[in-house]
Every structure is written in C-alpha cells, then in structure tokens.
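As structure tokens, here come the structures.
Same chain, two partners: chain A is paired with chain B first, then with chain C.
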Partner chain A sequence: MTEDRRPSRARVEIRIGWAFVLPALILYAAFVLLPFAMSVFYSATRWDGIGAMTWVGLKNYATVFEVPALFESIVNAFKLLVFFSVVPVGLGLVVASVMHRVAPGRLGAVARTVLFLPQIIPLVAAGIIWGWILALPGMVNQILGWMGLGGFTRAWLGDFDWALPAVGMIGIWVLLGFCAVLLTTAMAKIDPALFESARIDGSGWFREFFSITVPLLKQEIGVCLTVTMIAALAAFDIVYVSTAGGPGNATAVPGIQIYILAFTEQRIGPASALAVLLMLLVVLVILPIQRWTRERAR
Partner chain B sequence: MTLGRNEVWAGRTMLVALMAGTVLPFVSIFLTALAPSGSVPSGLDWPVDPQWQNFLEAFQVANMATLLASSTFIVVAVVPVTLLVSTMAAFAIGVLRIPGSRFLLVLFVFGLTLPFGGIIVPLYYLERFLGIYNTRLAIVLPLIALYLPFAVFWMRAHFVGVSPEISEAARVDGATTWQLFWRIHLPLARAPLASLGILTAVWTWNQFLLALVLVEDPDQRTMAGALGAFQGHYATNVPLLCAGTILILIPTLVIFILFQRQIIAALVQGAVKG
Partner chain C sequence: MKRISTLVVAGALLGVAGAFAQTTSPLVPPFGKDAVVISAYFETGFDIPFKLAQEFSKQYPNVKWDIKQDQFTNLINETPRLLSGSNPPDLMRLPTMVSFAKQGLLKNLDGYADSLGWSQWPVPQLVQNRVAADGTRGSGSLYAMGLNYSLTGVFYNKKLAAQIGMTQPPKTFAEFEAVLAKAKAAKLVPIMQWGSAKSGMGLAFPLQALMASVGSTQPINDWIFNKKGATIDTPDNLKAAQHLESWIKNGYFPSDINAIEYTDAAARFGKGEGVFTFNGDWQNPGYDAALPGNVGFFVMPPEKAGGSPAAMSAPLTYGIAAKAKNADAAAFFLTWVASDPVARQINVDVGGSNPGGPATASTPKVKAGSVTNDTLAAGVVVGKAGTAMDFIANSTSAIFAQGWTPELQKLVGGKQTAAGLLKAVQAEYLRELAQ
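Showing the complex of A and B:
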C-alpha cells in the first residue's frame, strides 16, 4: 500500500504503524515476556525470595527429576491427560454424533445448553462442588448405597488409589460439554447429503461414526485435544481446591508443586525449573497435534 | 430418514442420562445449602426444614457486595483495554502490514499456549518490585498481557479477511491512519470484538491463580479468587459453603442463561481460531 509513496512518507507510515503495536507490545513484554525470561533465569539459581541468589546451573532440573514428589507431579499430569482429554474428546464425539442423528430439534438444543453449563462456572466452584459430592456423606456414595453398592463407598478424594481418578472425573464433568458442543457445531457444517446417502445405504451408527464423522471432524478434534490437554497439564484450580495435591502427593500436578515450592517452601529455583519444564511440556504435547490436524486437513 | 426406533431411544436415553449427570451436582449443593448451618447432611437429602437464611448468612460472611464490586471493577478494567490494545496491534499487523509484522505475530503466538503457572512466580516478585502487589492492578495488568496473544491472533484473523479495497478507498478520500482505524475498521469488527469481549469477561471473572498469588486481601480479588478464600474459612460448615458457592455462581448463571447463544458461540469459535 505504501510502495508508491515517497520514502519519507513511508517512514512516517511505518512509525505510525508501530505506534499502534506499542501499547500491546509494552504490556506483553512487561507482564509475559519478562516474567518468562525471569522464570528461565530463576531456574538456574538458588534463591529463597529474599536473600542472595546463587548460580547453580542445571542443578534444579536434576532436582525435579530426582525428587520423587516433583517427578511424580509430571507423571500425574500425564495421567490426568486421559481424564481431561481422551475421555471428553472421545465421549464428546459420541455425544455429538448421537445428537446429530437422533436429536436435531428441541432436545438437542436443551442438551447443548445443559452440557455446556460446567464450562462457564469458575473451576474453583467445580472443585468445591465435587469436593462435597465425592466426600464420605456426599452424593456419589449415597447413590452407590441406593444401588446396593454400599461396599464401594469411600472418601474418594482422600483415597490414595482413587483420588487421581476422582479429580479426573471433575475434569470430565467440566470439559465434556465443551467438546460435545464444539463438535456438534462442526458436524452441523458437514454436508447433510453425506449422512443421507449413508443412511439410504443402510449404514448404522458405527459405520457413520467411523467413516464420516471422525475423518471429517479432524480439525475440530485437534482443537478439542489441544484445549483439553493444556487444561490437563496446566491444571491448578480444581486440584488446589479439591485435594491440594493430596493425599500424600497422589494428585499433585506441576501447577500445585510450583505453588508449594515457591510460596510455602520459598525454594524459587526448583519451582522455576518445574515451571520451565511445564511450559516445555505443553509445547511438546501440542505440536504433534497441530501437525496432525494440518496434514491432510487442507 | 431410516433410523431404527431402538436407536432413537438409546440415543435419547444417553443424552438424558448425561444431562442428569451434569445437573445433579448442582442439585446436590442446592439441597445441602438448605440444611441447617453447621450440620453434615447426605448429598441428596431432602431438606425437611429448608434454611433459606443460610444464603443471607453466606452473603454477609462472604462479603458478597464488596466482592461483586471488586470483580466488576476488574472485568471493567481488563476487557476494554484488552479489546482496544489488541485490536490496534492486530490492525497494524493485519491491515497496515508494517515491516516486522511476521516477527510480531510469531512473538504473540509464542504466548498462546503459555500456562499461567509457568510465569506466576516471577510475576509475584515483579509486582512486589513495582509496588502493585495486593492491589487490583496486580490482577488487571498481567491478565491483559496474558490475553493479548489470543486477542491479537483473533483480531488479526478478522482483519486479514477484510478486503484491502476498503482501506484503499478510505486512503484516497484522505483518511489518516487513525481515522482508517477508528472510523472504518473498528465498526466493521463489531462481531469479533463482541465475542472477544465475552470471552475475556468470562475468563477474568473465573480467574483464580492470579488472584490467589498476587492479591492477599480477598476483598480485592475476582469472584473465583474470593471463593477460594471462602472455602478456606468454611470448609467444615458444608451447608454454608454450598450456599456461598451458589451465591457466587448466580451472576455467572444469569448471564449465561441470558446470552447463552452468544457465549457458547464465542467460546467455541475462540477455541477453533485460537
């Protein structure tokens, strides 16, 4: 646009252009880029937040891998992936395809709204609600009792074996509706003729699901996977409120350990090393999905 | 359509079951909120003698009026600034295409997947240094910055799709860059701006980690942040905790029910484009 103008004029244009970017750039640099660089820097030091800083190189990273409680937080994050990501996306696909097939009208609209509800409330509220529901006198145990499964009742979030799946259940509750609605919206855009011809050929739900729905929704499935995987790896609110990482370290995820290391134990170095690893982990998990959706998608 | 009857019923039953699973937790905390304060009922016990005053008590002990004002202040500070600042940047990148646009875009995209937990520790020390720790500004400034990658990306996606002829025509008529932005492009961007506004408002209202770490005083926090503090104090009084949770959910639920179509659309599109 500016090529045919005189150079001085073009230079003024460029300056004006940068003036438009400047406010965003300053805020972003000050409160995202600078803290990011500080995280990397802190991760190579020993510091209690007040006293002198000592340079320790990569020692804090070794600490993260050697101390079981810290390394387990990364393992736990991957376990949560199954609940926060695999189940909501898989089940969301099934729900979307069922809604598309049997409930195009009123029921579908109501289902969309209802299933979406957990997505708009604060995660803290979800944590508190489920903290009560999974408690010993809570709803889950009561329903189990009614079903004659009284032997199964337990304090789910306080049980070493069940706490992590129980936290995962909260994630499913929050994220399923989001995935289902996103995928339903995407399905509505698929040419209906495809489904009709499949149905005229007499193909059942399974066939339709695997040969039309899943391949054509590849991009949206990628989106759901990306969003839910970030939610799993970066989980904090739900865990902090419902279990605070316990019992023991059974549900401790990186976010929780960063918080504890930095703000209760004043060990800024290891906290920052874990933070850097967390950011790296998110990128490593997200990149293959991005690549997968791009190939063949267009 | 040639759908079997059984299939239709199986599908509908599944949907209804899932809806029940989604709603039951809300029902449970509502019933519990009506039990006598300090008692420990079972999850789905019908309150024989509903204690409606629990809500009043929770409203008072949670300092709800102050909280509403505080949350509203934070949302009103974050959303317009995010919209304006990100749209200006996206305009320079997507419409003016200033030299360095590609670099700027990559720089902003870098922050797109950044977990807040990754930079929360330095943010704490940075804000102590700047002297804004424990003020509302401590939440407002980092939140705007953390939304910028998404917001710039989102608005740029809009601007890239706008025909360049519109800008050229305005230039021929002698419009300055600011007029081009304010008079021509901003009104055209109303729809993506509305979605972005809804998204950032919901995210801000629900923000917990920043509030927890950067603001000690619960009365200066967001709704979600204050709820965390409330839980800390009343963890043992389950009916009161449930009543407080419901009160804190009410504004969100009312807004969701009023604007559900826009909110769902915004959140879904937001994910797809981001």
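Showing the complex of A and C:
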C-alpha cells in the first residue's frame, strides 16, 4: 500500500510545487523572458518601431563594432566599473571594518545612516544636484578656491579628462553606502571570539582585516561586486541627468546610446543589438564572480 | 479679413459663433455650435499653445481641450507611438516631421491649405513644412503648420555693448569680429552660449549664422532638407567653422561652455554675463524680464557691406495626426491662430515670435523698449531677402545628438578641427540617411 502511494504523493507534491511557482513564472516569462527573446529577434532586423521589418541577420552587431561612438560606449562602461564597483566595494570593506572595530555603538548607527542616505535619494535628483555641485560656479570649485587651488578649478562635467571620473564620483557616493552597510551587517555575524583571539595573539587591524574579515565575507563581497558591476555596466540615469553622454561622447555609456538609437533615431535593430551585447557583457563579468564566491563558500 | 475677425470676436462674445455658417470665409468654425473636444499634445515650458487654446475656448465656448504636455526631448521619443496609437492627438507639437510624414502618421494638409486660404499666405511660411514623396523637405505636400515663425540671431546687452563703444549693430562680419575682440580686451565674456549635451550644443547657432554670413543659404537648406548629393562639408562652411574655431581659441565663449545648459546660459546673460548671445526670439520675454529695455537684437551681418543678412527661422511646427478625430477643428484652430487679432497679439506677447499668417493680417502691438521690436523688424528684412534657413540640427532625427553636439564639444575641447567637424557630421548624416 505504502509503496503505491509514494509516487502519487510525489506527483501531487510536484504539482503543488508548480502551482506555487507558476504565478511568478508567468510574470517572469511575460516581463523578462519574452522581452529578452524579442530584443534578440529585433536585433536581427531593420525596423523603425512602426513600419515593416526587414531581416538583416548579424549586420546590426557589426554596426556596433564599426561605429566608433557605439563601441566607445562599451569602453566607457568598463572605465566606470572602477568607480562604480572596485572603489565602493574596496572602500566599503575598509569603512565597514573600521566601523566594526571603532564604533559599534550609537556612533556607528549614525555613520551607517549617513552612508546609506544616498540610497534613498532618487538618482535623478542626485544627478541634478551633483551637476550644480560640479559646475564651474559650484561648491567643489568654491572649496578649491578657498584652499588656494584656484588654478585647478574647471567645469568638471564639461571637461574631456574629468567628466568620466566626475560621473564616477557620483557613482561612488551612491554605492559606497550600500556596500558599507551590507558588509557591516555581515561583519556583525562573524564570531567575536575570532577577533578576540586574534587580538590576544597581538594582531593589528591589517592582519585582522585580511585574515578574518575578508575571507569570511566572501559571499557578501560577491553580492556587492555583482550589484555594483551591473550598476556600472547598465548605468543610465546618473549619466543621463549629469552629462547626457558629453562632452563629445566622453561619458556616453551603452545605456545612453541604446536610448538615442531606439527613441531618437527610431532604429530598433542596432539598439537591440547593443542591448543584447551589453547583457552578454554583464553575464561574462558576473559569472566568474558568482563561481568564485561559490567555490570558496564550499 | 479684419472685418471677419471682428465679427468672430463679437460672435464669440455673444456665444453664437455658429451663426456664420452661411458665409464662405475660412474663419467659419467647422464644428458650428456642436460641442468639440480637441485633443492636443504640447511642449512643456512654452506657454503660447496653452494661452492660445484658452483664448480659442473663450471665443468658441463649445470647444474644450484635452491637453497633454511633455518636454521636447521626450516628445521626440513619444511622437511616433502617439501618432500611430489608437487615439492619436488632433493637434500636436512636432519635434521632427519627415519620418512621420513618410510613415503616413501625419495628415496631408494640402486640402486645408486650399480651403482655408493658407496657400495664399506669403510663401516662406509653408515651405519648411512640405515633404516630397522621396522624403526631402522644402517641396511636395504640406504636413504641418507653424503656430508662429521664430527668428534667431544675435542678442546683445546694450549697456555692455556701449561700454565697448558699440552703439549700433555691426553692419559687416568684420565689424562684428572687431567688437568681439574689444569685448575680450575689456575682460567681458564676449558671447554667452550653452553647450551641454543635455540641452544640445548651442554653438550650432553661431556656426550656422557664420555659414550664412560667409556663403549662401541655399546649399544649407538643401542639406537640411536632405536633397540628393547635399553636403555640409563645403569650402564656405569650412571657412565658417574655422571662424568659430578661432572664436573658441580667442576665448570668446565661457570656459565652461561644455557644461552650460540652455537655461543657465539664458540666466547668466540675463544677469549681465556676456555682451552677446546667439538665440531665438522665443527667449524675448525672458530677456525683457531680466534686462528690461537693455537687450537689442540683430541678424548676423553679411561678410560684405550691402549683402543680405540671413537667419535661421523656423516655424513652431504643429501637425495633425492622420487618424485624428477632429482634424477639421484643429485645422481651423491653426487658421484662427494666424488670423485672429487677439490670437496674433497673444503670439507676440507670450511667444515673442512673428505670427505669420495672411499678408493682410493685423500687426500686433509691441511694448516700447522690448527686444521684440528688433526681432520683428529683422524678420521683415530676412523675409524680403528670402534668406531664411531651417536649423542645421533638424536635418535628420539624431544629427544634433550624434553629430553636432559631440563634435562641437570636441571642437571646444581642442579634440576636433574645423575640417574634421564638418567631415564627421557629414559622415553621421550619410549614416543616418542610409538607414
């Protein structure tokens, strides 16, 4: 009897499982998988969004590599990686570790709140305000002037050499708090005995940082890297409201070019091709990080 | 025409606008006394269409409006979807028009041009809104109308200009360059201009003015209208671009121009930063408010004395969706805007631009001391000379975003030459036309 029931119960469980998954799966398919498949399809066509479609195969992908402004946008995205990902995660680790060691109490809570604040400010508003701060008559240049560095003032977002780092600074400001708070929370889970015994053994902050903190936070560092790298490669809002890609494409990222191609030029094909390439790039960059965190976690 | 307009106003006051149904005048509303709701899509930040719609409803109380609005840059992106949608607007501000006309999204207005008398209006008014079957502009069927006709040129701060000895607008290009040098020597900002990619590069204005000063307007219009074989990379235009390059190198523009947005430039000029600024008469009310009685205007002077000054002058383009439900009412509104004395006055007061319309239409009054006196007078000169041009940023849908703006920004940053600028823009132009 029991042997007869088992498979049917399993079958029922499978059915119940599907019933639970199905609503989410339908939504996911309708709003993620289907649009993605459509983008891949559009990327092989010539289409203005309204009229007839023409099949062009891989021509749009060739366009992305042939038109300098499009290819440069991918290069710019990788430059932004440094500011949006490497710096916030690196600095976030240091900040979290310092807060963990120096200010675990109320001061730490205040510091965490201040650092996290940029996360609750709409990025578009932040971009506009940073635009004022970084303008020629803006705060950054005023401070430089007071410090006697008047010769170094410039329109940061309008300067060919400084526009990208300036946009990157806005990214650091936004993402540092996210990384620091996530890593501080994770640090609180580490057994305090580990730190205590390390201190009894006479190890300083550096030793503690590299031998305990970093190795035990691999999972969280992986999450921070994943989130910030996607933010860098798929950047659009901060760039669009602060520079719109200028000066002279110096800060144009794929998001900006996709937007112009699709909506200003009405060229859905190349826009979709660039979008698909961007997605592949994100996957290529993220996969090794995912694998790395899983391996170490085992 | 004046008699009819008076009648219309009187009729509106009595609320019996439909009483004219028997006359054959173009100012007979096609909707009679029926209740009409005209759906419209306007550009955010520009009051004229809203004020005109309000006045229209005052004169024709049975007309209600369903107005939606958006920023110009958003309009560029939304227009194709709005026009092709199931409930397209009756009246819409058109950021560009050729592709929409080709895609059959816009109503062909040739019929209205005949029945409402538009075709008898002075010629340059309709030319820019014509699209031929091959997609070139400047000839063919009419697909849009101007709500008014803007004029661009050089605005100047009268006090600062007097300070460097300029009491009269320069007569030749050489005179103008001499004044610019004087302004620089006097440690003033010679030209206030915007250049951020967010607003679109404002150096396109002086560049085009230089092109028309150095050469003739026809090749420029041919290029904008996508005539076969047209190129922007001509010897005359190279000369113009080299002049602009020298202005940049001489420090005639603010050093942070690549980060200055349109509104910042207008505000800074209004606060007395900059002797000159290249802009259009849509900014007249702003300049009059910031520097009352202290702003003058002239069209870029010709290279040789006695030549015709030329100017970029474009209609504030409005179109009717091909599938619009109240197309007749919208077309009537466009006629009314250009003919009705109150509407024409609103156009000048709020917009600062020439309302166009029939040659016999009333001339709106302008406040003494307003820069609008200068722009309207200059418009007459340009109109007589036939030297009006469309904007070089309108040749293709993305030539401003992908061509002029980044390449002119590079010219400012010393990363592009005058010759390279024209070559790069021409390459982008051909790339977009080949799509």
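What we mean here is this: the second predicted complex is superposed on the first by the 271 of 298 C-alpha atoms of A that agree within 3 Å, B and C clash if a C-alpha of one lies under 4 Å from a C-alpha of the other, contacts with A are read in each partner's own complex, and residues count from 1 in each chain.
Simple rule for what comes next: contacts are C-beta pairs under 8 Å (C-beta built on N, C-alpha and C of every residue); 3 or more make two chains touch, one makes a residue touch a chain.
Treat the numbers as computed from the prediction; the structure is a model and nothing was measured.
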First (chain B), second (chain C), both or neither touched by A:E265: second
Partner chain in contact with A:M38 - chain B first, chain C second, else both or neither: first
First (chain B), second (chain C), both or neither touched by A:R101: first
Which of chain B and chain C A:R154 touches, first, second, both or neither: second
Partner chain(s) touched by A:P247 [first = chain B, second = chain C, both, neither]: second
Which superposed partner A:A69 touches (first chain B, second chain C, both, neither): second
First, second, both or neither for A:I190, with chain B first and chain C second: neither
First, second, both or neither for A:G49, with chain B first and chain C second: both
Partner chain(s) touched by A:A198 [first = chain B, second = chain C, both, neither]: neither
Doubly contacted chain A residues - partners chain C and chain B: 49, 135, 241, 263
For the chain B and chain A complex, residues of the former touching the latter: 1-3, 7-8, 11-12, 14-15, 18-19, 21-26, 28-29, 32, 40-44, 85-86, 88-89, 91-93, 96-100, 104, 107-108, 111, 113-126, 141-142, 144-146, 148-149, 152, 164, 167-168, 171, 177-178, 181, 202, 205-206, 208-209, 212-213, 223-225, 227-228, 231, 238, 241-242, 245, 248-249, 252-253, 256, 260, 263-264, 267-268, 271-272
Touch list for chain C against partner chain A, complex: 76-77, 80-81, 84, 99, 103, 105, 195-198, 254-260, 264, 397-398, 401-402, 405-407, 409-410, 412-413, 415-416, 431-432, 435
Chain A - residues contacting chain C, complex: 46, 48-51, 67, 69, 134-136, 154-160, 241, 243-249, 252, 260, 263-267
Chain A - residues contacting chain B, complex: 1, 13-14, 16-18, 20-21, 23-25, 27-28, 30-36, 38-39, 42, 49, 95, 98-99, 101-103, 107-108, 110-125, 128-130, 132-133, 135, 137-143, 173, 176-178, 181-182, 185, 196, 199-200, 202, 204-205, 220, 223-224, 226-227, 230, 233-234, 236-237, 240-241, 254-255, 258-259, 262-263, 268, 271-272, 275-276, 278-279, 282-283, 286
